[in-house]
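The following pair of complexes shares a single chain, chain A, combined with chain B in the former and chain C in the latter.
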Partner chain A sequence: MQELKKRLCELLSDGTVARVLGWRRGETSFDPEPAFFGSAEELSDFVYDGFCGANLSKMMIEAARLEGKTAVCLKPCDTYSYNQLIKEHRVDREKTYIIGVGCRGKLDIDKIRALGIKGILSISGTECDGDGDTLLIKTVYGDKSCKYADAMLSRCHVCRGKEHKIYDEIIGESRDTTDGDRFSEVEKLEAMAPRERFEFFRRELSRCIRCNACRNVCPACSCRKCVFDSNNFDSAQKANVDPFEEKMFHIIRAFHVAGRCTDCGECSRVCPENIPLHLFNRKFIKDINTFYGEYTAGEDAEAKCPLTDFDFGDAEPGDVTSGR
Partner chain B sequence: MQRIGVFVCHCGSNIAATVDVKRVVECARLEPGVVFAEDYQYMCSEAGQMKIADAIKREGLTGVVVCSCSPRMHEATFRKCAEGAGLNPYMLEIANIREQCSWIHKDMETATEKAVVLMRAAVAKVNLNVPLKSGESRVTKRALVIGGGIAGIQTALDIAEAGYEVDIVEKTPSIGGRMAQLDKTFPTLDCSACILTPKMVEAAAHEKIRIFTYSEVEKVTGFVGDFTVDIRKKARSVDIDKCTGCGVCQEKCPSKTAKSEFNRGLSKRSAIYTPFAQAVPNVPVIDREHCIKFKTGKCGVCSKVCPAGAIDYEMRDEIITEKYGAIVAATGFDMISLDKYDEYAYKKSPDVITSLELERIMNAAGPTGGHLERLSDGKPPKNIVFIQCVGSRCADKRGKSYCSKICCMYTAKHAMLIRDKYPDTNVTVFYIDVRTPGKNFDEFYRRAVEEYHVNYIKGQVGKVLPQPDGTLLVQGADIIDGRQVLINADMVVLAAAIEPDPTARKLATMLTASIDTNGFLTEAHPKLRPVESPTAGIFLSGVCQGPKDIPETVSQAGAAAVKVIGLLSKDKLLTNPCTAKADELMCNGCSACANVCPYGAISYEDREVRGIGVREVRRVAVVNGALCQGCGACTVACPSGAMDLFGFSNRQITAEVDAICR
Partner chain C sequence: MMGGIYGISKDRLEKLFSALAAERELYLPVMSGGKVNFSVWEEGEDVRLDVTKTAKSPKDAFFPQFETLYTCRTEEGKLKIDPEELCRREFVVFGMRACDAAGLRVLDRVFLSEPVDTFYAARRELGTIVSIACGEPEESCFCRAFGIDAASPDADVAAWFSGERLLLKPQTEKGTRLISSLSEYLTEADGAEAAIEEEQAKIRAITEKLPYSLLSLEGWGSGETKRKFDSPLWEKLYRPCLACGTCTFVCPTCQCYDIKDYKTKNGVQRYRCWDSCMYSDFTLMAGGNNRTTQLQRFRQRFMHKLVYFPENNEGTFSCVGCGRCVDSCPSSLNIVKVIKAFSKDGGDE
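== the complex of A and B ==
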């Protein structure tokens, strides 16, 4: 992290960039938050460790409107989102200096708590450049420890790979932390009877409190005005008084990001109710792969998404419904 | 608030027998905005239209709902009527209670309930309708005909005769199409070439007609009256202006291994070739796959012997871009592949042939010089079996469900010609039904049976077994006598089904013209608009629309020409006002709409956007109203709902859905 911080200071002081987008130390050692840093002094609060899971790509939409260049720290999986935003003309590559930061999997405080570790005071072993596989946790009940991998976010077990898809320079090393099958959860859902599946989603989504965290964090949900906030549509107003509203919100959101979702997993990470929202998107990704051939949104900034492109080899609507 | 009138049509008994129209009227009166409702026996009749016009004036209606047949049938009729009464035509909507309701339901109670719901949806929509105004677009006074067979040639000639310029694009090296391959034509038995070649020459010589052979349509953009078409002129390797058509190159060409497409692969041709002697233009092409010069770099014989210096090995494909007001598809047909019909031994024995191959064998310019002989040993066949409906009227998935229409007649023709020229030959025809409607057609078939004693057996053939002695054992069924029939044949002729030319599918996509499940181009109305595609400005000529014989093709070709002439005679067309528009304040500039737009109507501009608390330059979508066809693909692709369609706005559609779900 020191090397990264030093380089960011350099970029700010030599005028290459006007600001830095990174993470600021939070109140505890496990809740850093995204922040813009305007000067080398402000960088004293800068932090980059295992808890810096937030995908900063979406904030570059805001940065594109600001004067001068912005340096942004992107993990390998975040670069997919950034590429997708270039494709959608939402960010300005010319005004961006991308630092590809190393990543060996990001941590989930809830996973640690689920291991029975409560009253956490501080956690060490979370450094990104470290290679220790154990976390040492100081709690009010004494010192505890757990394996790094056991505390990782679910999404890191199906890691998008250690490669940065777009960057100006790379600082730190990355690791592919995959130890599971990306689509196994989706396959389980597909194996369910329609009624059972509906029941599953109904139950999960019944916890939704419509805090909009998933939408606000999602790099694909980048509309200036969400249809659900717009008064141009009578349907949006009606949805607000309908008990099926939460379900409708998530289903429509999944359709809107289909073919554009890079599976960054932010929706599930930020959900205060731990709803596995990524499952909707991953089902779409799997279907797109099945019917149109392998496609990875955000792998580059040019490839056309099969859902907004046409060629003569495309699956016919009949093939899709009968092929399921 | 709108003042809406609802008019419920009985359509004789078409609607009224299944839908309680009086109840629909009563329910309509309770709908918000409805101030008047009535029913009538035939709304589309003059008296019916008068009722609508009178009510508009008398009741001061601002919107109208007609509950009747499909809008494709009479929307234009009723909108014109509304316009005549002083109402903006786009304030009138149709609720389709016939095709989508009365015709498909039997129970009056449920059908009526559905009709009421459809009426409600239409009323909900009209409540949000706004008057729309058509723009104008110009008409390019030139037509494009795709396909140079008899259909394309006739259409082009008729258009040209009316004084309009017309281009023919033909993918093979010569115009003429399938008809050029035929020997004689039913029911008059005149020679096909004698009636076709003069038309080919006439087309080539016509000052208003340009012919692009060995060319294909690559790209089509634009809309009715103003299409822009890219045509790929494939490299002919022969300069069409210099070549005199002397034919020395073809004689001297040392590569003579390619199969002649014109003779259905039954003979060989040189690598530099014209498909047939009467080809128009009489200019050869070099088949680069078989040309020794192109394969090895050594040879160049044709170039050396050409007295005109017309050979150009460096020639490349050229793409030309032309503008047209109307496009006629005349892509024709081919025979189906017989790969799935092993039982007829087509692949195993050279003496099992298709009817089109027999056409070539019977033709004086064909592979056998017009002598009827077996391709295996050159001997004259003494027993010939014709099998009808190979792949036509097929119940399983191997073939086509439709009747290919021409086979009964050409098989009678073949049988008759063979019996006439070779009276000692026995001819047997296996058939499911003999279908001979048409002027002088049944008389023709009866002559084959009664005068020429062709043996017609009602029944199908189960198997053709090649025998060691070179004959073919045909196992069939005679379902009238209820017995099995075994025939030792010397030759078997298969009346293979016809199917649309494979290029039709790709072309349909380029033209955004629809095709049916069999790959035939769909007409705008099966009875009333048979030569127009549902896509404005696209017309259909010949077998690309459905199986037909030469007389029918020629009449349809003429009909398509008349439609084209009617269009080209206009100076301006009214444009469809139901086009898309982006709300600049909500547009993300993400390009989703531009990616899905099939008409290239959407572009992006950096514009200063002003709204409450907003004043900045943004990248926003801009729709070219002249190019937009109102398909609505963009409105669905837009994630923020910034894209909306006049006449079918998101609010209108959700209001309709709400009304249905109420």
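== the complex of A and C ==
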């Protein structure tokens, strides 16, 4: 982290950038927050460790409207989102200086709590440049520990790889943390009978509190005004009027980001009710791969998405329903 | 009977729940999909009284996230209006915490003062609360900062886990009635005072060690509007806010609601639902919106809890330190960070 911080200071002081978008140290060792830093002095609070899971690429939409260049810290998976935002003309590449930051998997405090660890005061072993595979956790109920991998965000177990897809420079090393198959959960759903699958989603979505965190954090959800925020739309932004409503919001959202979702996993990370929202998107990704050939949103900033492109070899609707 | 202490062994709780649920609706903290929330109990559910905090507060039982107020429909050319009936069934919320109960007192101030909210009042009347002392408080808990004692919850029945027993102590008439109706399952626990005191001492000792317990609220409260409102600190604090409603919807004291219409086939269902000051259409009126930026909306939440509410309610803050917002904010922002940021330099430049 020291090397990264030093470089960010340089970029600020030599005038290459006007600000840095990174993470600010929180009250504890596990609650850093995304933040803009305007000076080397402000960077004294900068932090980059295992708890910096937030994907900062969406905040670059806001940065594009600010004067001067912004240096942004992007993890390998975040760079897919940034590329996609370039493609959608939401960010300004010219006003961005991308530092590809190393990543060895990001941590999820809920995973640690799920292990029965309570009253957490501090956690060590979260450094990005460390190779310890154990987290040491001080709690009011005594010292605990757990494996780094057991505390990782679910998305990191199906990591997109350690390659940054777009960057100006890379600082720190990345590690591929994959230890599972990305589509195995989707395959499980596909194997279910329709009624069983419907019941699965009904049960999961029944916990939705309509906080809109999934939408607001989603880099693909960058509409200036969401249809669900419209007062002229019968489906309200903040209430599930009937049991169908809670599904409708998520289904519409999944359709809207289909082909553009990079599977960054932020929706599931932020959900306060632990709803596996990424499954909708991942099903679409799998289907697009099946019907149009392998396609990865955000792999680059130019390629057309199969859903917004046309060629005579495209799948016909009948092929899709019959599962060609 | 009032004032006595009654005990039940942990392994008999399931039987107690069946008995409670046979007569009335029973809300319990239940695990589903990896999260614990209060819901109407059904046999076989994974009840988790050991989990200190539910993801969402139990305020739904009294102030549901969504409720119909009335429905209008045209029938044979005539307009018919059906007001929604008030709650008429008795219910029990079992397993609330001291902070949750204190949260209800905040809601009472809003909904039970004139003009009384009849929907809320009916539920308050018919609901009986059993609160459990927090055997294992969490790091994000800071009820103590608001003068709440996690070791002696305010409720119709206060409860403590002690070894393999749950000890129950009725504190109101409603609570006494509830306990009397369960005499078959409970045994009088003479001399349990000592066991309770021991548990209380243990809880208070842990509370002392929690990182936010000693959070100072100096500088907040009535009369602070001018000084806090224009502080340049808000600009820095609000930045990472996603404008989602998580903090407001998990909160036991957030009370703002919206009233909306849902068009049915031949009429309108008028309902109210929780609103969030984080949302762009919060307090939107025909004449426009008096908060047009996220900074203003973000500021509103904290100013309401820490300045405006105490100003209108004899100094009572509308935060109870349950820490749910601390646990669930996607950007790790929270009221603790706001309070601390201001205490560092008073909010001045």
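Everything below uses one rule, namely that the second predicted complex is superposed on the first by the 310 of 324 C-alpha atoms of A that agree within 3 Å, B and C clash if a C-alpha of one lies under 4 Å from a C-alpha of the other, contacts with A are read in each partner's own complex, and residues count from 1 in each chain.
The rule is simple: contacts are C-beta pairs under 8 Å (C-beta built on N, C-alpha and C of every residue); 3 or more make two chains touch, one makes a residue touch a chain.
Predicted model, so just to flag it, every value in this text is computed and none were measured.
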Touched partner set for A:Thr16, first chain B, second chain C, both or neither: neither
Touching partner for A:Ser222 - first (chain B), second (chain C), both, neither: first
Partner chain in contact with A:His89 - chain B first, chain C second, else both or neither: first
First, second, both or neither for A:Asn232, with chain B first and chain C second: first
Touching partner for A:Phe312 - first (chain B), second (chain C), both, neither: first
Greater residue coverage of chain A in the superposed arrangement, chain B or chain C: C
Contacts of A:Ser39 with chain B and chain C, given as first, second, both or neither: neither
Contacts on chain A seen with chain B and repeated with chain C across the two complexes: 234, 238
Touching residues on chain A, where the partner in the complex is chain B: 65, 87-90, 222-227, 230, 232-235, 238, 256-257, 304-305, 308-310, 312
Interface residues, chain B side, partner chain A - complex: 506, 509, 583, 585-592, 595-596, 598, 604, 616, 619, 637, 639-641, 650-651, 654-655, 658
Sites on chain C touched by chain A in the complex: 32-35, 37, 52, 55-56, 65-66, 136-139, 206, 209-212, 239-240, 242-246, 248-250, 258, 260, 262-263, 269, 271, 273-276, 279-281, 284, 326, 328, 330-333, 336-337, 340
Touch list for chain A against partner chain C, complex: 26-28, 31-36, 54, 59, 114, 118-121, 139-141, 203-204, 207, 209-213, 215-217, 229, 231, 234, 236-241, 269-270, 272-275
